[in-house]
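Note that subunit A is present in both complexes that follow, paired respectively with subunit B and with subunit C.
Entry: the complex of A and B
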């Protein structure tokens, strides 16, 4: 059966002390989605399963008409997968890597590869061991995209890179999505990466996608900070009878609240509030990570 | 057809990665064979035969380190797994590379045969050793893939020791067994078939092991 884009249904990967899933996911071609989560939340496991690098215990993953699995190596013609630590042959050059990959991939686009090699400013004849981390990531991306991959899975590719390189890569990722209609899933710890590259966000926690929303939705929320009163432990319904916050969490001695914009207007400003601003991605993320005060919201998956 | 191209591309990649080391090895082998053929006659011809045979045995372990352990330790099995090639193609390419590397050994003895014709015999002996070592290396790939550190040397060594011990005990307990086996009408073809069967079994088990492992499990 042919599906549009990437589809994951009931994906479960079990470990001794951790379980990913069940995960149900759908990504459209040409879409850019961010995956946010704490260390150990399951981002890498999920991306490995989606890239066909890991066999899930249950569930199916499909890209268009291809089943993605460890054994279906032919599906890799459609997938570009980049990890935080690029696996490259240190003793040879970028040119050697490109030459090698061009013989393996059926759809290798040599013109595109040379164009992006120049764009990335990678010295083609220099040995990879002499490359900086950023250059290695760029080469890894180049290999992942030059076979006209239409599904690009990026597992924290910008982690540990300097701000300049990160900013540069964000631009390239945007370009890939807009110019080549690539379906991109970017996992990152960095809110800026997600905000600058993607349109939709999924938050993963304890192996499950807990929140799924569009960055546009942030406009609908207001972040409110209060000095931290004894009232914090009181039920929100008691403190804010007109509207209950979407999230409430503590940041040091301060209390952070996230309200729906229209509902917040009905509360009016309280003397207790020390700051009010438009909600940011980080607010949703921190809110989603709270256990005791997390409140159901329409951001939920 | 595509798989064959992939296998050879992977094998060329493996040789390309070590071309400098391999060149040096080839040079050392040729030089040593020539030096040994120039030895005075009172040294006997034993070094002439012993050196290439020992070189095949020792260097095969280095080849396995280059082909398997390096990919594991440097994490490049992860890169191979992102390519549209099957695990069978990866394992087969390793075997082909290994075969090519071992084939160099008898050829390295050839230049010295111009100096000392006895070396033609040494070349044949080296060739036979290389074939035997290659068959062992089919299983060696599996051991190097599954085991880590010193275990990849120690466990196969003990496995061979154990098999030898069992064979010795069997022969002691049933002294008629070797004679009986030799008297079987098809004993010669059976022995000949057993060798490729063992190689095929080793290759199949290695492919099976690899395809049952997540990519992250293939690297250290």
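Entry: the complex of A and C
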């Protein structure tokens, strides 16, 4: 059966002390999605399953008409996978890597590879062991995209890079999505990466996608900070009968709340709010990491 | 036929590309492994036999051969271990190459190095012990190589290969001891067996079947393991 884009249904990967899933996921071609989560939440495991590098215990993964699995190596023609620590051959050059990959991939685009080699300013004849981490990441990306991959899975590629390189790479990722209609899934715990590259966000926690929303949705929410009130310890439902917050969490001695913009207007500013501003991605993330005491969020997956 | 027994041969061009990649990456090491044992064998032989002339030819040849064989065997295993340690399997697994092809190319390159570097030792053995057909040595070496590379994957890296290395050596020593005892006790029967070459033929077939089963086990293990398990 042919599906449009990437589809994962009931994916479960079990470990002794951790279980990923069940995960149900659907990504459209030409979409850019961010995967946000704490260390150990299951981002890398999920990406490895989606890239066909890990065999899930249950569930199926499909890209267009291709089943993605550990055994179906032909599906890798469509997938570009970049890991946090680029695992390249240190003793040979970028040119050697490109030459090697060009013989392996059927759809290798040599012109595109040369163009992006120049764009990335990578010295083609220098050995990879002499490259900086940023250069190695760039070379990994170059190999991952030059075979006209339709699905690009990036597992924290900007982690540990300097701000200049990160900013540069964010621009390239945006360019790839807009120019080549690549379906991109970027895993990161850097809010800036997700905000600058993707349009949709999925938050993963304890192996499950707990929240799924568009960055545009952030406009609909208001972040409120309060502290020191005698009502501080009361349940949110009692304190704000007109509107229940989407998320409520503690940040040191302060209380952080996230309200829907239209509902918040009905509360007014009568409470002891010490700060009010537009909601940011980090607010949703921190909110999602706490037990929301039964508060129902429409951002939930 | 060969494509049925070893389906990886159907993608021979990919196997060749992978072999070339190995040569490119480990060029200096390969040159050393190619010529190191050959030089050592020649040097040790001439030094031991022609200059010192202090011990018997048979013992000298045996000693040289036994030592020379270990060097490329260790390097053969190294090709696999290096890919694990440097975590380059992660890169290799992102490419559209089947695990069968990757595994075969590793074994081919390791076996080629081993066979090439062992030619002088074989020649010595053949010249001084002409009773043993040279093909048995080739089969033994390939079998030994496959056992070692496969055990590196099946068991814990390094530990697995050392255990197999030790077990295979001890088994070989025991078999040699038994054969020599039999040869001393029954020299006529032993001579007949050697002359008929049926023992070598039976041993070769047995070894080849064992090697194939072990190789398949290695391929299966490789195919069913998650990439991160291969580099752990």
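Definition applied: the second predicted complex is superposed on the first by the 292 of 301 C-alpha atoms of A that agree within 3 Å, B and C clash if a C-alpha of one lies under 4 Å from a C-alpha of the other, contacts with A are read in each partner's own complex, and residues count from 1 in each chain.
By our rule, contacts are C-beta pairs under 8 Å (C-beta built on N, C-alpha and C of every residue); 3 or more make two chains touch, one makes a residue touch a chain.
Bear in mind that the values here come from a model prediction, so they are computed numbers and not experimental data.
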Answer with clash or fit: subunit B and subunit C placed together on subunit A by superposition. clash
From the superposed pair, tell me which subunit A residues show up as contacts to subunit B and also as contacts to subunit C. 48, 51, 53-55, 70-71, 73-77, 79, 81, 83, 85, 87-92, 96, 100-101, 103-106, 144
Flag every residue of subunit A that touches subunit B in the complex, lowest number first. 48, 51, 53-55, 70-71, 73-77, 79, 81, 83, 85, 87-92, 96, 100-101, 103-106, 143-144
Subunit A-touching residues of subunit C, taken from the complex the two chains share: 14, 17, 21, 24-26, 86-91, 93-99, 223-224, 226-228, 231
Show me the residue ranges of subunit B that touch subunit A in the complex, using the header's touch definition. 2, 5-6, 9-10, 13, 16-17, 74-79, 81-87, 211, 214-216, 219
Can you check the complex and tell me which residues of subunit A touch subunit C? 48, 51, 53-55, 70-71, 73-77, 79-81, 83, 85-92, 96, 100-101, 103-106, 140, 144
